[in-house]
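You will see subunit A twice below: alongside subunit B first, and alongside subunit C after that.
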Partner chain A sequence: MAELKLRGVGKVYDGGVRVLSGIDLDVADGEFLVLVGPSGCGKSTLLRMIAGLEHITEGTLEIDGRVVNDVAPKDRDVAMVFQSYALYPHMTVRQNMGFSLQIRRTAAAEMDAKVEEAARMLGLSGLLDRLPRELSGGQRQRVAIGRAIVRRPRVFLFDEPLSNLDANLRGQMRVELKALHRDLGTTMIYVTHDQIEAMTLADRICLLEGGHARQVDTPSGLYDRPDSRFVASFIGSPPMNFLPLAPAGNRLTAAGISIPMPAGLPSDRLRATVDVGLRPHELGLAETDGGSIDATVDLIEMLGWDALVHARCGDVPVLAQIEAHGAAGLEHGAPIRFWAAPGAAKLFDHETGRAIKGGGAA
Partner chain B sequence: MNRRPSWLAAVGWNLALVVACAVTLYPVLWVIKMALTPSQAFDLSPSPIPNTFSLSNFHDLVMATDMAGRWLFGHWLFNSVVVAGATTLLSLALATTAAYAFSRFVFPGRRIGMTLFLVTQMFPGVVMAIPLYLLLDAMNLLDSMVGLTLVYSTTAIPFCVWMMKGYFDTIPKDLEEAAVMDGAGRWTMFFRIILPLARPAIVVTALFSFMTAWNEFILAATFLSDETAFTLPVALQRYVGDYSTEWGHFAAGAIIVSTPVMALFFALQRHLIGGLTAGGVKG
Partner chain C sequence: MLMALVFAALLAVPPGVRGDAPAPATLRLWHSYRGAERDAVERVVAEFARIHPEWPVELLAVPYEAFANKLTSAIPRGNGPDVFIAAHERLGDWVESGLIAGLPEGDPWSGFFPATVEAVTWKGRQFGYPLAFKSLALFVRDDVLGGPVPGDTDSLQAACRRMAAGRPGNFCIAWEAGSFYHHAPWVFGFGGGILDKDGKPRLDRPENAASVAFVTGLTKDGHMPQEPTSALITQLFNEGRVAMAVNGPWFLGELAPGVKYSVHPLPRVSSTGLPATPFLTVDAAMVSSKSTVPEAAGALARFLAVEGAAPRLVDARQVVALASAWDLTDVAVDPIVVQFREAAAAAIPMPNVPVMRAVWEPASQALRAALRGAAEPEAAMESAMQRIEIATRPRPAAANPLFALAGLAILGIAALVWAARRFRRDDTWSRMRASSHAYAFLAPAAVATGVLVFVPFAVGTGVAFFSHHQGEFTYVGLANFINILGSTDYAVTEPLSFWFTLGVTVMWTVVNVFMHVSIGVALALVLRRPWMKLRGVYRVLLIVPWAVPSYITALIWKGMFHKQFGAVNGLLVWLGLEPVSWFSHFWTSFAANVATNTWLGFPFMMVVTLGALQSIPGELEEAAEMDGATAVQRFFSITLPLLKPALLPAIVLGGVWTFNMFNIIFLVSGGEPGGSTEILISEAYRWAFSRQEQYGYAAAYATLIFLFLLAWSLAAGRLQRRTA
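Up next is the complex of A and B:
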């Protein structure tokens, strides 16, 4: 059990390449924090710095009030699960899981008990004498997790642990990880590029981009109150639509589009162009007073009970997620009018991408 | 679907293989024939099948003694085994550790060090015979197994380092990072994770070092003058004289010398398997 404090943490490699800067982050005891972001955003590097596998070149990292910048990985009492599993190929599952205890000179009986307990938690009891190559991908990942939990570290680090698994197994392991966190109650830091994993697992998410922490919030906070266009576009699937619109009186408009101005936002505070964000499921075919978009159907993806309608309004792509029966009969080139859910529109500065929030209004 | 090779092609291939085997085995059979023929004369008949069967050549060779009644073959065998064994151990110990450093650490001179190792391989051993002779003489290591072991190790190590480094490079670094997280230090990591996974490379390296030392003739003949200090290849050469050659003894000796290498090769070949790291990390 531990809390972590990162203050102004940055990473500059020899040769001057900067991959992280000014990361301030508090992780509470027992929290499940997810580091998420696109490839190359520095999330894995940050995790490896917490593990001690990468040197912290700027700022400080505290675990339970003690600065550990120069503490060796083994003395930080953290365990890590690697994307590649990194199981020792020549050791059985039992030896793999017991390796850290053996190094710490744990008595054989105690070691066996701990390994068997971890194996029971992860459903590996029957596989203890197998070699990694005799296991399936999901079983290997479980062994990797088992290796981390046998010694009950203060912090668990996960580096994209599910990205090598197929979709079904990934969903199943996600649930198991969530349950594991509930049962162990240990602080966990989890790196992923998959925003669904981030949303489902996290107590809080830290969204990184270009080496900066863009927003740290709960999953619903990120989804409902994104700080910037980047956050809004990264979180949520399918991704948010952005329409470049011009403020005109109490409406935001463009050719074929007219959306009412959100409450508390006088148009004189806005620039000539504002990016209006609407999530695909916030667009429908039934008339509302949330504004309308006139577009042309490009193509339809039927997903079962709902459908994705790809359309164009001039040059601007518009994606709507509507119920499948509403999409039946729509054809390429047909005109379509989408109606936005009232109050759904989020505004972002066209230049900086920062969210524009109403003056105190909800 | 693969086209099955035609009957004619199969016969052709097998015939070619039989011919290749015959060409390869013919000299070997000849040596065996000479070894089993008690006369020391060079048999001119083309047949490689022995027409007599006698172990007298082996007996003469193994039981040879010098004027002082010392059992020469025992000395030679002992020398060869000790020199080859020591060379193997020394080369392995130094090459695995050096190769690991070259593979994993960044330090000044890393690249040039590997290049220098390669450069030393470009000179034939004979070129080094004179300087090495002078060095050994200065250190009083002529006619000594220690001297010969050092010389053989210096020739074997560069190749072994290249060989081992190449293999270490293929072992995923994730495994070491996992070991670091598990609390292992460098040595634990090296002995418990890296070496067991590098077994095929270690076997090849050991075999190479052993064979280098076991078969080497020129340097040994240069540095050894005392008959009891000879290794087997040097001793064998005694049977090839300026005026006469004892072909029977020579052939028997050749068989005795090559048997342990063959035995070693057969014993170790089951370790020469790839895929030891399979299953550890997602490929």
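Up next is the complex of A and C:
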């Protein structure tokens, strides 16, 4: 059980490559924090710095109030599950899971008890005497997790632990991880680039981009109140539509598009162009007060209960998620009018991508 | 049989009748001369051919090292030379094994220096025409000596004392004191001897001990360098750091240009009044007993010795044996050659009895033991006698080969029956035919392996059941093995015993492989570190020891362990420690061998480890780090077990190599002290080549080595399969 404090943490590799800068992050005791972001943004690096496998070149890392920048990994009392599992190939499952206890000279009986308990939690009881190469991918994954939990560390670190599994197994493991966190109640930091994993598992998500922490918030907070166009586009599937519109009076318009100005946003505070974000499911065919978009159908993806309509308004692509029966009969080239859900539009600065929030009571 | 008939037929035809025969038999002459000596012999032969056009001569220069072996193997098979030029040392052997023919009496024997005739005489008959002779002489750097050349040991000592006062770090006199050949002059000078009247070796005499004490004294007083090797003496003499050297004519070739020297007879021993008497080695032209043209061969040999004397003296600067050649020549003879002749005036011919070759190794060993103070001269000589006795012990009795043959036959039939049954049962034949292509491709390699490996192996194993004496092999059954394994002739704890040597060999192998693996793995681990700069450079540098031929490395290390001039002792002295006489004690000598072989052996293990490390994912170590393992724990519980599959075969192989690492033992310690650091393979070599050619005994050693290594590889293979 532990809380972590990162203050101005940055990383510059030996060759002078800057990978992370100015990360401020607080992880509460027992929290499940997910680090998410596009490939190469520095997620693994940050995680490895917390683990102690990578030197912290800037800033400080505190665990439970103690700065651990110069503490060796083995003395930080954190456990890590690697993307490749990193199971010791010459040891049985039992030995793999018991290794950390053996290193700590735990009594044999206690060690067996702990390993067996972890194995039971993870459904590995029958496999304890097998070698890693005699296991399936999912089983190896569980052993890797088992190896981390037998010694009850203060913090768990996971680096994309599910990315080597097929979609079904990944879904199942996700649920198990969530349950595990509930049962253990230990602080967990979890790296993924899969936003569904991030949304489903996290208490809070830290979204990294280009070595910077862009936004740290609960999943719904990130979804509903993105700080920037990047956050808005990264979170949510299918991704948000962005329409470059010009403020005109109390509306935002472009050729074929007209959306009412959100409340509390006088047009004089806006530049000539703003990006208006609308999630695909916020567009529909039934008329609303939320404004309309006239477009031409490109193609339809039928998903069963609903359908994705790819359309185009001038040069601007528009994606809408509507009920499947509404999409029936739509054809390529046919004109279509989408209606936006009232109050759904989010505004972003066209240049900086920053969210433009209402000024409270207008 | 056919050969004998042809031989007889040829002999029956009188030479006169053969004169008009269209294809005259060619005379084959073998020698091992090089440079000017070779040119002179070629010219003499050309002259002979001009005078005797009916006897064309074909010359063959055989490398010196292979000469004796080639002769003993070629002549009995009828494809050897008609005439050959060789040193007289083995004459007795060759006469006894019927290799060379006796020569007619009378003229020209009175024309040669008597000592040279004595050298080629065996049981009252001459077996070669003396060509030239060599002996040790006193080389003097007059500029360094700065006084008259000492004529006796008292004036030698006086001169040495005078010099020592003036020039510390320099020496008065040097010779290869650890070699009995170089020591022999003093043995005779002190009135001692080597063989008694019956031609039996007898080293344990007070006079011999006195001669050793004389040399020990010179070394102790610092007049003579310690552990003097031929290379060291050459260097010291060339640099003017030693005033006098006792050496043979071959020393001339090593002298640096511009070094001023003169050659003198060895001094007299003051206490006895006798001259220090070196051995005389005589090059003689001998006639093969299997020659098909004995008359022509005899004529050629004689021509080389008599008519060829003057050109050999003048052109090749040979110290020729024909006395008249020295008077007759009207061309100026090189004064150095004359000095050599004078130095050899007192020399006595090296005994040509076979037993002499059993003396050198033990006598030299005893000498070295006495020189370094490990044994009193008397005791050392006595232990040399024991070794000589073992080397000259009677050969085992002949055994009846019938049992063995019957056994072999039964085994062979059993093997055939077994093979045939397998063949039929497994339908091997049709399967082989189906893949006949593959077999065709394999065939050349199989044949080559058969010829190069299995045949020599079978012959070698076969020889182990025989005893060799003067070219004859006698079947003795298991006698060699019984003698070896029963340690019949010496205690198990003596260096000569198989078990002692086996113990040393096993220890040698274990210690070496341990060092190779630990150093190799350690360096590989360091080289893998990301913070190592210039990794590539180090990697290449560390592989260099491997790339240098091992005998060069061995000689360099041998020099580094020299007591007086070696770098290792230099370092010890610099650190304020006592210099160590490395080859005087078993453990230091063993350590010197191990150090040398470790230097040679670790790069292989390092390269193997570097390769194996590549295949271990870095995350495993990181995972272990997260699990709380220290660097040492990570190495032993993660890295090492994962390296094992790659290291085990390398260890098996390295073990076999080290077990048979002849070069290092032979060149670095040479078995010193007292043969105790010898390993099995070098012991086998000694039995074969410096202890009366006990080939059968040596082959039995080789067979035992093979069996031992076979067992080791099988055991290791099983271990490997278990861990894989």
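Heads up, the rule we're going with is that the second predicted complex is superposed on the first by the 360 of 362 C-alpha atoms of A that agree within 3 Å, B and C clash if a C-alpha of one lies under 4 Å from a C-alpha of the other, contacts with A are read in each partner's own complex, and residues count from 1 in each chain.
Just so we're on the same page, contacts are C-beta pairs under 8 Å (C-beta built on N, C-alpha and C of every residue); 3 or more make two chains touch, one makes a residue touch a chain.
Owing to the predicted nature of the structure, the values given are computational and were not obtained by experimental measurement.
On the superposed subunit A, the two partners subunit B and subunit C do not both fit; they clash.
In the superposed model, A:Tyr13 makes contact with neither subunit B nor subunit C.
Within the superposed three-chain model, A:Leu135 lies in touch with subunit B and out of touch with subunit C [touch as defined at top].
More residues of subunit A lie in contact with B than with the other chain of the pair subunit B and subunit C. Shared-chain residue A:Ile103: touches subunit B and subunit C both. When the two structures are aligned on the shared chain, A:Asn164 is found in touch with subunit B, with no touch to subunit C. Contacts of A:Met80 after superposition on the shared chain: both subunit B and subunit C are touched. Residue overlap on subunit A between its contacts with subunit B in one complex and with subunit C in the other: 51-53, 73-74, 78-80, 82, 84, 86-90, 99-100, 103-104, 147. Residue ranges on subunit B touching subunit A, taken from their complex, read 172, 174-175, 177-184, 188, 192-193, 196-197, 276-282. Looking at the complex, you find that subunit A touches subunit C at residues 51-53, 72-74, 78-80, 82, 84, 86-90, 99-100, 103-104, 147, 151. Listed in rising order, the residues of subunit A touching subunit B in the complex are 51-53, 73-74, 78-80, 82-90, 99-100, 103-104, 131-135, 137, 140, 147, 164.
The residues of subunit C lying in touch with subunit A in their complex are 617, 619-620, 622-630, 633, 637-638, 641-642.
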